[in-house]
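Pasting the structures here.
Note that chain A is present in both complexes that follow, paired respectively with chain B and with chain C.
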Partner chain A sequence: MELLWVSLPLLGRGTLVTLMLASASVILATAIGVAGALIQLFAPAVLRWLIELYLYLVRGVPLLVLLFAMYYALPYAGIMVEPEVGGIVVIGAYFGAFMTEVFRAAVLAIPTSQWEAGRVIGLGTTRIMLDIIAPQALRIAGPPFINTCIMVVKGTSLVAIIGLADITYVGRQIVERTLAPFIIFGAVAFVYFVICYLLSRIGRRLEERLDHAQ
Partner chain B sequence: MHSDRIGAGSGISIRGVSKWFGEHQVLREVSTEVKPGEAVVVIGPSGSGKTTLLRCVNLLEEFQQGEIEIDGEAMGYVSGPDGSRRRRPNQDVARMRTQVGMVFQSFNLFPHMSALRNVALGPVKALGVPRAEAEAMALSLLERVGLRDKADALPGRLSGGQQQRVAIARALAMRPKAMLFDEVTSALDPELVGEVLDVMRQLVDEGMTMLIVTHEMGFARAFAHRVLFMANGEIIEQGAPARLFEQPQTPRLQTFLARFRQGHQL
Partner chain C sequence: MNFDFSLFLRSIPVLAEGLQTTVALALPALILSALWAVPVVMGLLSPARPLVLLTRTYVEIVRNTPVLVQMFFLFFGSGMLGFPISGFMAGLIALVLQNGAYVAEIYRGGIRGVPQRQTEAGLALGLAPRAVFRIVVLPQALRKVIPPLSNQGVLIIKDTSLVAAIAVAEMTLQARMLADRTAAVFEIFLALALMYVALTAVFSGVMRLLERRLRIA
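So, the complex of A and B:
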């Protein structure tokens, strides 16, 4: 127990790094997701194909492999990336593909009759999107969005492998010195659990609130 | 009455409109004039093209031949002197649409907005009416359709009949020159049909130009100025309701009415 007490500051710092990585990645993934979805829905064919290609690439390659590629392969190409920045970019881009699907599916879930109801009162595509479709689509996107955020949080644990001092990395270092894997990894798991549990709760609350509004 | 009393509408002119879905022709050179203040009801079996015709009037459906004019202005397509046909820019189409109200079978209210906001949205966002003014007008329109007390209700809290009346108010809020009704009572429980028809009757009385697709033969007979019978994408027969229902000239209409009478009391 004392070991845990002593380790707290380190674990705390690791937690902060994890939170920072996760929030930055969620923001990036969401931005990519919204942009990707809009392109898939409205842009000319060439752009749509590009996004499609990106979706297939990212979905077909494990996140860990992408992180390795960024960390080990890019330097050979003469591109040096800070692991923090690289980690966020890779995780953000990876989950951005999933977010693209989340937002695209949500918009497609709104019946075309809603578009028509907007058209017949003289609204253009942008206005209909902003005032009529988006508010309803975001409601639908809520649960899968939270789900993807949880995947992002857990996905950040992979950056330990490229040397970022997130909670997983810190935990492993402490274990290597103290040989007390049970309690330390227990604590690490607990931190992930709390973050993800809170996210789930927020998601549930959001769902209830929005349901009520229906 | 209110200052926003619905004024007399103006005409819809449909000339030689043909439309294909792929190979399948759904409208065959349909022509008719809806005169200002006239209420025209379109009847016919399902698949006869009546809903498609209605949707062509405000260009929810593109059509490949012919012209439609609202109050003398081309809706959607203009023909050059050399016979070439070109689609008007989206902005023009959007502006034209503000002049034609449309009410759908399935109401299509915006579920995340109160009844009041549903009605006020078009005036505010498409016509640039100041919000306060638009909401005051929306409130008096809701009063007209008997739903002033439901102004703050979300559509999900309203009955089908109430939703449809809000939808009519939403269309009227644009101060349209003409109104299109697409089987607006077909999705309603029988006991809710009357409240919607009452509102439509009021509009007929006030001289709104109306093109109405419906299966409510009773309404057609009592309140339409003229009835069109469509089958296979063509207008087969048309005339005053009494004449059309009592002395159908074509076998096609005779069969249709006979079948209809089997199911309903007319």
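So, the complex of A and C:
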């Protein structure tokens, strides 16, 4: 128990790094997701194919491989970035593909009659999208969006393998020195659990509201 | 950066050695997750409240913690307890524990997705509740779960790469060691990424065939 007490400051710092990585990655992934979904729905074919290729690659390649590729390849390509920034870009781009699917599915879930109704009262595509489709689609996107956020939080743990000092990395360092895996990894798991469980509660609340609305 | 195509080709046989371990881990992980999810979904749908609570707790714990932390917990923890398991086993157990919970939710969704009136119709025909489940509900639910199972399976295959962190020489670790030795990073990681794309494409293809076989007319 005393070990846990002594480790708290380190674990706390790791938790902050995890939270920072996760929130920055979620923001980036959401931006990519919205852009990707809009391109897939409205853009000319060439752009759509590009997004399609990006989705296909991300679906087939593990996040860890992308992180390793970034970690090894950037220095060779002569690009110097902070490892944290590199991690955020890779995690954001990886989960951006999941977010693209989330937002695209939400827009496609809105009945075409809504589009037709908008046309009939003389609105253009942008106005229909902003005033009619987006408010409904965002509500539908809520629960899967939260699920993807949980995947992002858990996904940030992989940066420990490339040496970023997130909570998983800190936990492993402490375990290698103290040989107390249960208490330390238990504490690490608990931190993730609290973050993800809170998120999943929000997701469930959104889902219930959606059920009521329908 | 310059790309040496011959190095790209030469890295493939080395990665293929790792591919054997990747497949040797992915196959049991896929099968055991699908099997382990059966008792889990039975627990989730059970009429006994304590059993539901117990299963829910398990599902919430594994779904809300990273599989990498679970692997570390099992790998380092088992050594501490005096019966060390290999990194391979720790990875396999963590993958099955985590994905069994996800697959159980997929099964639950499939069973819930069969309309209630199908069950009522079966009961009205005089079938016993068990027979209704086996003859009426299950075959319809099975067809519905194949696409989400295929997605989850792809995630399982990709997550096998994480055992590289506990010293299992699967494909990703082979690539990393090769990159450390040769510095041909672009060639090696491109080859590695393409091998994962090929592996997951083969898996999704098989699942699509299965879906087509199970479809009615």
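What we mean here is this: the second predicted complex is superposed on the first by the 208 of 214 C-alpha atoms of A that agree within 3 Å, B and C clash if a C-alpha of one lies under 4 Å from a C-alpha of the other, contacts with A are read in each partner's own complex, and residues count from 1 in each chain.
As a working rule, a residue touches a chain if its C-beta (ideal position, glycine included) is under 8 Å from a C-beta of that chain, and two chains touch if they have at least 3 such contacts.
Because the structure is a prediction, the values reported are computed rather than measured.
**Q** Overlaying the two complexes on chain A, which is it for chain B and chain C: clash or fit?
**A** Overlaying the two structures gives chain B and chain C room side by side.
**Q** For A:Ser200, decide between first (touching chain B), second (touching chain C), both and neither.
**A** It touches chain C, and chain B stays clear.
**Q** Classify the contacts of A:Leu57 with the two partner chains as first (chain B alone), second (chain C alone), both, or neither.
**A** So A:Leu57 only meets chain C here.
**Q** Output check: A:Leu158 vs chain B and chain C. Expected answer is one of first, second, both, neither. What do you get?
**A** second
**Q** Looking at the overlay, does A:Ala105 come into contact with chain B only (first), chain C only (second), both, or neither?
**A** After superposing on A, A:Ala105 lies clear of both chain B and chain C.
**Q** On the A-aligned overlay, A:Ala43 touches which partner chain: chain B = first, chain C = second, or both, or neither?
**A** neither
**Q** Compare chain B and chain C by how many residues of chain A each one touches, and report the one with more.
**A** C
**Q** Once both structures are overlaid, what angle do chain B and chain C make about chain A, taking C-alpha centres and a multiple of 10 degrees?
**A** 100
**Q** Would you check which partner chain A:Phe185 touches, where first means chain B only, second means chain C only, and both and neither mean what they say?
**A** The answer is second: A:Phe185 touches chain C but not chain B.
**Q** Tell me, in angstrom, the smallest C-alpha to C-alpha distance between chain B and chain C in the overlaid model?
**A** Minimum C-alpha separation, chain B to chain C, in the superposed model is 22 Å.
**Q** Identify the overlap between the chain B-contacting and the chain C-contacting residues of chain A.
**A** Touching chain B and chain C on chain A: no residues.
**Q** Considering only the defined contacts, which chain A positions touch chain C in the complex?
**A** So the residues of chain A touching chain C come out as 56-57, 59-66, 68-69, 72-73, 76-78, 150, 154-155, 157-158, 160-161, 168, 171-172, 175, 179-182, 185-186, 188-189, 192-193, 196-197, 200.
**Q** Okay, in this complex, where on chain C does chain A touch?
**A** 1, 60-61, 63-70, 72-73, 76-77, 79-80, 154, 158-159, 161-162, 164-165, 172, 175-176, 179, 183, 185-186, 189, 192-193, 196-201
**Q** Where on chain A does chain B make contact in their complex?
**A** Within the complex, chain A touches chain B at residues 113-114, 116-117, 119-124, 127, 131-132, 135-136, 139, 213-214.
**Q** Given the complex with chain A, which residues does chain B contribute to the contact?
**A** Going through chain B, the ones touching chain A are 58, 60, 90-91, 94-95, 97-98, 100-102, 104, 106, 108-112, 121-122, 125-127, 154, 156, 170-171, 174.
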